[in-house]
Structures are given as C-alpha cells and as structure tokens.
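When the chains are written out, they are named A, B, C and D in that same order, and each has its own residue count from 1.
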Amino acid sequence: MTDIDFPTLADQIRRFVSGQGFMRLVGAEIDELAPGLCVMSVARRPELLQQDGLFHGGVTAFLVDNATTTAAATRRQLDQRVLTAEYKLNLMAPARGERLICRASLLKPGRMAVVEARVFSREGAEDKLTAVALATIAMLSGPVRQG
Amino acid sequence: MTDIDFPTLADQIRRFVSGQGFMRLVGAEIDELAPGLCVMSVARRPELLQQDGLFHGGVTAFLVDNATTTAAATRRQLDQRVLTAEYKLNLMAPARGERLICRASLLKPGRMAVVEARVFSREGAEDKLTAVALATIAMLSGPVRQG
Amino acid sequence: MTDIDFPTLADQIRRFVSGQGFMRLVGAEIDELAPGLCVMSVARRPELLQQDGLFHGGVTAFLVDNATTTAAATRRQLDQRVLTAEYKLNLMAPARGERLICRASLLKPGRMAVVEARVFSREGAEDKLTAVALATIAMLSGPVRQG
Amino acid sequence: MTDIDFPTLADQIRRFVSGQGFMRLVGAEIDELAPGLCVMSVARRPELLQQDGLFHGGVTAFLVDNATTTAAATRRQLDQRVLTAEYKLNLMAPARGERLICRASLLKPGRMAVVEARVFSREGAEDKLTAVALATIAMLSGPVRQG
C-alpha cells in the first residue's frame, strides 16, 4: 500500500535511478516496473566481463543491489526513505549470455521489506538461471537519524 | 598451504584480475596481497556514485566479490579452480569518503573456503566501517564438470 | 542425477535423519521426500516457543538447516558426502500457528548445490509464509580431508 | 546508547530469555552480557547431536539466532522492540567438543543493528572456531503495525 499514485512513484524512481553515475557507467536499464516488481538488465560488452569472458560477478551483484531496492521502492510511502540493509546472493552458473537480466519481486512489504531476485543469462532464445538472491530493505519513516 | 610459491601465485592473480574488463571499468586496484589476505580499493569519482553522492552499493558489492575471491585464491593449489559460490553483505553506513577500501581475510582455507570482508570509507584521516561481508569460495579440483 | 535408486536413497535418508538426537528432541518429521524436495514440519508445543508464544526463531532455523540439507541429499551420488556449507534466512512474520512447515527445493544440483526454502505457519486452513531461506550444500567426493 | 540503565536491562533480558521454552529445551545459558555483547553456550548431550555425534547444525543456528538478538537487545531503548530480521551462517568445521559457545558482538547499533557472531567448539583446553554468522536486528519504535 502506498499513498503516492503508482505512475508518479514510477516516474520518480526512474529519475532517481537514471541519476546514478554507476547505473550509467554499467549501462543498465529498467525494463519493467510494477508494484512490488523491478526487472533490470544490461547488454554484454567487454567492460562488464571477467578474464574468461563471462559477466563479472560484480555486475550480477550490482543488478541485484539496484533491482531489489527498486522493487521495494515501488511500495514506498510518501514519508519513507528506502535503504538497502543487506543481501545475499548465490552465483549458480556461468553467465555467458548476450544479456544479464535481474528480476526482483517483493516477498514482504513493510518497514523491513524482503525481496527475492533471480538473475538470468540470455543465451539465444533461452534465459538461463545464473544467480539467486535474497535482500532486506529498510523503509524508514520520520526524521533522519544515525542508524 | 599451496604447492605454488607465493610470488608466482601473486603475479598470476594480479594478471588475472587486471585482465577483467569490469575491474578496469570500475578502476579498482589491488593494494595488498598476502597469503589469505587481499585489500582492494577504488577512488571516488562521479561514475561510481548513486543519486545522493555516496558510493553506489554496487561498487561495494563489486569490491566484496572480487577481494573475497582473490583472498581465497592466494591459498590456491596448482590443480584448483577458484569459484565464488555466494556472499552476503550488510551495508551499515553511508560511504561518502574519497576512497572505498575492502579488506578480505580468509577465515578457513580448504575446498569450501570462508572469507570475511570489511569495507571502509576513507574520510580524511579516518577509515569508517561502511559494510561487512561473509563469502564462500569453492576451490574445485579435477576435471571441469557441470556443477 | 544419482547412481543410487531413489527408494533406497530415501530409506537411507530417513534412517540418518531419525538417528539425529536433536531431530527427536525437537520432534520434527519428514512429511515428503522426492528428488530435489524435502518437506519437514513440527507441531506447536510449549518447549518450541519464545517468550511471546510464537515458534522460536531457532526452530525455524533448525527446520531450514535440516530440510535444505536433506533436499540436496535426495540427489546424492554414491560416493558423495553431503555437508551444509551455509545458509541465510529471513524471518518475515510471527509464527503463531499450530504447525511450522519447511519446504526445501533444490535450485541447482552439483558439487555446490543451492537450495531454497520457505517456512509456513499453519493457522487454521491457511499456511502463512513466515520465513525464506537460501542454502549452499557441498556434495564432496573422494577421501575425507581437512576442508 | 540506551535510556534504561544496564543492570535493569540485563535483568529484563535474562528474564525474557529464560522464559523461552525452546531455550530450556535446548538447555543453553547466557554466560556473559555486556553492552553490545552476548555469550551463550550449551553443554554436549546426546539430544543435541546429529547422526555422527557432532553438535547438530540446528543447535548452532539456535545459538546464533538467540545470541545475536540478545547482543542487540543490550543496546535497546525503552520504546524499542527487538526483532531478528535475518542472519546468515557459515558452518566451517565439525563441532565435536564438550561445549558449543556463541559469542555475538554488535558491529553497528541503531534501528537496523548489525551483529557478528563466532561459534566455538570447546575441545579440551582449545576453543575451535566452528561457525561464523552475520545478523540484522530491527529495533522498532512506535506502535506495533504490520511489517
């Protein structure tokens, strides 16, 4: 539940995310945004790879970090700040595809939102599961204070 | 314990890591390499930040991913491949410093190595703890097979 | 893929698990066992609760630990030892039901198996999601050695 | 920082924890309590073991769950409720000792407290590191509301 209408919130989120220098450096895009959902992806290019020509684990982590936070932000209330508290990711299979796609879904809204993510490597017509993650996002109300 | 002498192994690791496109894109460097230890860092620049001028969480995750794997690799045996299985990180405080520094230490060597990492934001003379992480690195021997 | 037929493996797993003193102390049962799947549950009783009458988080953790390892063991090969390397769990909602049920499914088989778990609190006719977890299980072949 | 004096808070915590049915079933004890620190342990007995005579992973998880939450609670303010949001643990070495000891230290206080834990297996005069964990504890103020 949110007290901002979703199109307004979605515009705000897109503006915030595209204002991130690191988002532009990596070259990732928001593919889909719906209440409780964010799909983010990036095309393969040499600067995103490790020494064996696979997507670097850090690119996977970047997508997980950003997409899980954004999925939680889609349920943000007007007075809430959205802070990624923590996440855990399992790298399961080599990401050798043309595109790396992270699909993050809110499992539990609220002050301690829980978001699940799956990362796929697009290889031709197939999206191969390459990583899974679980994140905790704090939705803090009230004045900013330490912690 | 490793059957490769450490200076040779360290050279090999530095070559591998500097061969990563994403490492160059982010602009990170290995500051220190010792058996069971890797310190990696990156200087602040606009491309590494999020919308509020802090280091992006994805940069922290990149350093954690790379430094923990490298710390485990410093204890690699000749026939072992080093694969990051998973990690978990807690973002604890805003990283507003001039430099982001990740210090990864091997807690347990072996086939399922466990590595701990602390990430610091250098603000003037102070290194402020900004994130902590725990990673599992697989050291696999024998022929490459699925899984 | 396993080189032991499933009914034999399932019998062996049930024997192992029921041989655990802690499994008997908690009073948990295996409800379902299939290749890549384990459902384990326990009925509410005062000894399993915390001070507010909810299932103790440690009971949830016990089910997660045991059910994820068992789900991986259902795909064990004859020469493999199954070791829980790590897991992460998010406690999402109070578990005030009559029964606590953990459903663990193998996401990726292999030497570093990845297992996902969901824990439900049975309240009347409803199974309410109370926790989620992600585990890494090592399937080690060959002679036992340190690590 | 807390607005309750520490001896009063410590008494309250000991009363809460000893009021947990599961704490009594496992037979664990609080060995030490100080601001930001909790040491909890349990003696070996057959009901706490798995099939090979080691402490069951679920006992380790129980200690981690309880000791990390308690370490955060030592810094609780009068109006705060303490909720374990999540934790991750790595099981590193077999726990074959006479006693299992969990030492939890607060890394970061605040609304999203971060606690680190180390679990030791006491074998004769030696305390062997058997597991490590990282936990997030929510310290929520204000009226109870969903999430």
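The rule we apply is simple: a residue touches a chain if its C-beta (ideal position, glycine included) is under 8 Å from a C-beta of that chain, and two chains touch if they have at least 3 such contacts.
The structure presented is a predicted model; accordingly, all values stated were derived computationally and were not measured.
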Task: Fewest touching-chain hops separating chain A from chain D - done: 1
Task: Selected interface, A-B versus B-D, where C-beta contact pairs are more numerous - done: A-B
Task: Whole-Å gap separating chain B and chain D, where each centre is the average of the chain's CA atoms - done: 29
Open item on the list: Distance between chain B and chain C based on Cα centroids, please, to the nearest Å.
Closed with: 31
Open item on the list: Please tell me the distance, in whole Å, between the geometric centres of chain A and chain B computed from their C-alpha atoms.
Closed with: 21
Task: chain C, residues touching no fewer than two other chains - done: 83, 85-86, 88, 90, 108, 114, 134, 136
- [ ] Quick one: which bits of chain C touch chain A in the complex? Just the residue numbers, please.
- [x] 88, 90, 92-93, 107-108, 114, 116, 129, 132-134, 136
Task: Interface residues, chain D side, partner chain A - complex - done: 83, 85-86, 88, 108-114, 134, 136, 138, 140, 146-147
Open item on the list: Can you tell me which positions in chain B touch chain A when the two form their complex?
Closed with: 16-17, 19-26, 45-51, 56-59, 61-66, 69, 83-91
